[in-house]
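In the two complexes below, subunit A is the common chain; its partner is subunit B in one and subunit C in the other.
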Partner chain A sequence: MSRNVVVRTIDLTKVYRTFWGKTHVRALDKVNLEVYEGEIFALLGPNGSGKTTTMKLLLGIMFPTEGKVEVFGKSPRDVEIKKDVGFMPEESYLYRFLNADETLTFYANLMGLDRTERKRRINEVLEVVGLTEARRRRTREYSKGMSRRIGMAQVLLKDPKLVILDEPTIGLDPMGAREIKDVTLELKRRGKTVILSSHLLADVQDICDRIAILHRGNLVTTDSVENLLTIEDTWEIVVRNLREDTRRRVEQVIREGGGELQSIGHPRESLESLFLKTIKEKDIRG
Partner chain B sequence: MKALFEFFKTNWAYFQMVLGAVSLALLTAGALSRKVLAITLNTMREELRKKVLYFLVLFAVVFIAFSGAAAKVQPGREGEAVAQAALFVVGLFGMLVTIFSATAVLFSEIRSRTIFVLFSHPVWSFHIIMGKFLGVTAIVFISVFLMGAVLVAYLAFTPWLALVGTLIPAMALIFFQLMLLTAMCVLGSTFLSRITNILLSMVLFFVGSGHSFFKGVTDLMKVAVVKYYIQVFLFLLPDFEKFAVRSKMFDPDFPFDATYVLSAMGDAVFRAAVMVALGIFFFRLKEVGTERWE
Partner chain C sequence: MKNIWHLGVVSYKDSIRKRILWVFLIFSLILIVFAVALEVMSLERSSVFDKTAGLEATGAEATEEKMAKDMGIASIAIFAVLILLFTASSQIPEEVEGRTLYTLLTFPIRRRYYVLGKFLGQLLVVLTIVPAMAVILYVALFLKYGTLDAVMLKGIYALVLQLAVLASVSVMVSTFAPVNFNIIFCFILFLAGHTTGYIGTAARETGVLPAKWALTLLYTVIPNFEYFNLSSELALKTNVSFPYLLSVTLYALVYITIMLTIAAAVFRDRQV
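Up next, the complex of A and B:
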């Protein structure tokens, strides 16, 4: 079954030049990508790999030096497609003199929402991101997590088909990061396409369907998380309530079958999961 | 052809009024867009929170209040001297408010990177540039209005209150002069750095304010090619001098009438509309966010 392509880059190249026109940095070099409808796609790479440049090109903020970008089959400069694109930048770039209500009203006006619809949607998204109580506070007084949530609120307000998140969890505490990841998964559940960039690999592994790894502007690999992370010649069996003698027999069977037993032991909970569980229990106990 | 040229020359003032009216209609139509209005209000909010704006207006108010000192300079024409001094203060501080606000609006949007989120919404360069221009113009209007109100209040306690009738059109011309300067600064901010824009705007304002002087100097030039290019430059450069009537408005030979005021306003609106259109064009070609490449 062929899937709808939401974003396509063809030999996408971006060269930053000096004032005198000399090549300063080749930020992207002939990158070919396809992002399909309804998936969470991650751009991975170290600092300077070209992730943010790719995002700026997808938003039409910058122009390709060579090659092509298509978003919904059109140029990202096309204003029509911007109704269907939401963007949350790496840092929440907010108007510091506005409060949450005023910020969202400003963006709602840019989207052409009428008064009633605007009010309803603003109330709804403030509730989703948990900022209803802080809606009248100036955004310059917000913590990093709150700023990120208002950034997410302006994305949700638009209800776009494509959501672009630049380093969505960076600088957030585990709970804040979990909330952003949950909202991202909820977007996918609602059929949205999400492109995110990150260098926090655990976050990407948690929620993404496919990833592309960039390094020094080159696309190194792109595939599903499943395909990239599965180790074909190694097996993992998880068992509960295993008796000690049974375990020894299983080990014996593996050795007799020619298998190389690499490790055996109790699985560990992730630190994130332990932390979230502990905080939740503490909240319940009061 | 010659007859047509003569016709335009004779009726140039009316022609400017018509161009101004058409440009004003276009600008007003643009301002009615909800997106432009949203950006205009946001720009106004941002500017109104800047302390430097209040300091400038406050300084101007103090200087206006002390403009009575100018009365001693021209015995027998005290009222005129006070009016001229006050208009000079309004023009000077208005110019500072305009340049510092108009060169900052686009720059601050790029520096704070709020432009990235703005660009992810369905807005054209037209909405952004028009919104920024109208936002600063509104701030300039408020500043000039406040300074004018203080001047009128001050004159109300002096024997020169009758001068208000002459001062109102002079103040209106200052506002239109500053609106033109706003358009020039907004245009500059689409392709210049802020500091270059401030310096260039000040230089062009200074040259444009001495339009007749520079025109006279050019007429004396011997090298035809240089003379031609400077004449073209002076033709394109707004004649800011025509809006500063403080030294001429009490001269009985100076035609400071409705035709003069309306044609100057028409010229300002037309030129501002052209500059805004050029700003929209240049901004569409502008790449933002090229300073970092993660």
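Up next, the complex of A and C:
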């Protein structure tokens, strides 16, 4: 089944040079990537691997030394395609003297939205990110989570086809991170394409379809999460209400079949789901 | 094009809230009032004007008024320049460092509109602070001498044009240079711009060819801020002709256009 390519990089290379033109850092080296419409795609890698450089090249705020970037088949420097690309940076760098309303009004004006549409969208996105009550507070008074939500709000304001998120959950508490992940999944549900970079692997594993791993500017691997993480020669069976004697018989069948029993025991809930469940129950009880 | 206005307004709001602007503004207002209130002349008053012509001012009082106006206008000019240097020079570097520029450039705005918006913001700052200081000067002069000088208004206009030229240079420099360099460079340029006459004379009189070329180049490139200086006309209450004001305006427009064109060209390829 052919899929529309939203982003394509061809031998993408970025070299940072010193003032005298000498090579200082080879941030990206002949990276070839394709991102398809409607997927959530993650760029993974340690610090300095080239994730942020890749994002800046996709956004057209940095330019390749060699190779090419195409977004919707065009150069990311093309002003027209910027209407279809939304970006949430790692830190929500905001004009701290403006409140949320003024910030979003400013960005909506840059989008060329008329007054009615502007008001409608601002009210809508503030509702989605949960900042309606705090809309008149100056952004310098915002917590990290609130700043990140405003960052997400300006992305949603655009209603873009492609959303680029740089470390979207970093620095957030589990609830804040969950909210961002839920919004990301909602974006996918609405047919948007999402590219995110992260080094919080658990968060990526939760929501991404495909990942690319970068290391020192090189693309090490790229594939679906399913393919990369599935251990082919190992099976996992999850059973409820298993009697002890049945469990022993299952173990025996496995051993007789030549299988190597790796582990058997009670599965563990993730710490994230326990935390969220506990907080939610506390909120309900009051 | 509307984006230029929106960017300009945000740039203006960002500048006008800076504490250093208000510190300079308050000092300038104190100095303006002080300049007018101070009794400069303590000599015996001697008549300069022909009394039979019906003029009431004595020579000493007329000189006092002239000096008060000079000091007032000079205060406005110096403080307006200082305010402008600190606000204009930091606009683009602060957005790069603060990374608000990252988000901004992902919106559908042309880079040259961003530069024009920054310039517009600084122009709005000039159009806020200069009239504010001018009103105080006018009120102070009226209370002291009972006069409202129309020629001074033209001087204020010429000052605004001068500051607009300086703002365009600062915005241009801020597309590639850090804040400190920008402030120092523009301040030196402001001083040099008031000495272009000497540079021109030196260029004509020198016999050393490389020096002649260098001085001629400097004379051409450095904005001639003396062109905007109407203090002698103010002092003598000489009317400033409309053609002169038009030529000053055209000079300013051409210089600003060149600066902003360079700024747009540099910023087009600026990587952040």
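The working rule: the second predicted complex is superposed on the first by the 286 of 286 C-alpha atoms of A that agree within 3 Å, B and C clash if a C-alpha of one lies under 4 Å from a C-alpha of the other, contacts with A are read in each partner's own complex, and residues count from 1 in each chain.
Going forward, a residue touches a chain if its C-beta (ideal position, glycine included) is under 8 Å from a C-beta of that chain, and two chains touch if they have at least 3 such contacts.
Remember, predicted model here, so these are calculated numbers, not experimental data.
A.B. asks: Based on the shared subunit A superposition, would you classify subunit B and subunit C as clashing or fitting together?
C.D. replies: After superposition on subunit A, which the two structures share, subunit B runs into subunit C.
A.B. asks: Is the number of subunit A residues in contact higher for subunit B or for subunit C?
C.D. replies: So, of the two partners, B touches more residues of subunit A.
A.B. asks: Could you say whether A:Ile61 touches subunit B, subunit C, both of them, or neither, answering first, second, both or neither?
C.D. replies: both
A.B. asks: Return first, second, both or neither, reflecting whether A:Gly48 touches subunit B, subunit C, both chains, or no partner chain.
C.D. replies: So A:Gly48 only meets subunit B here.
A.B. asks: So, does A:Gly112 touch the first partner subunit B, the second partner subunit C, both, or neither?
C.D. replies: both
A.B. asks: Once the shared chain is lined up, is A:Leu200 touching subunit B (first), subunit C (second), both, or neither of them?
C.D. replies: neither
A.B. asks: In the superposed arrangement, which partner chain does A:Val25 touch: subunit B (first), subunit C (second), both, or neither?
C.D. replies: Touch status of A:Val25: first partner only.
A.B. asks: In the superposed arrangement, what residues of subunit A touch both subunit B and subunit C?
C.D. replies: 56, 59-63, 79-80, 82-83, 85-87, 89, 91, 93-95, 97-98, 106-107, 109-112, 151, 154, 158.
A.B. asks: What residues of subunit B sit close enough to touch subunit A in their complex?
C.D. replies: 34-35, 37-39, 42, 45-46, 49, 112-124, 127, 287-290, 292-294
A.B. asks: For subunit A, which residues are in contact with subunit C within the complex?
C.D. replies: Per the stated touch rule, the residues are 56, 59-63, 79-80, 82-83, 85-87, 89, 91, 93-95, 97-98, 106-107, 109-112, 151, 154, 158.
A.B. asks: Touching subunit A in the complex: which residues of subunit C?
C.D. replies: Result: residues 2-3, 6-7, 10, 13-14, 17, 98-110, 269, 271-272 of subunit C touch subunit A.
A.B. asks: Taking the touch rule as given, give the residues of subunit A at its contact with subunit B in the complex, in rising order.
C.D. replies: 14, 16, 25, 27, 47-53, 56, 59-63, 79-80, 82-83, 85-87, 89-91, 93-98, 102, 106-107, 109-112, 151, 154, 158, 164
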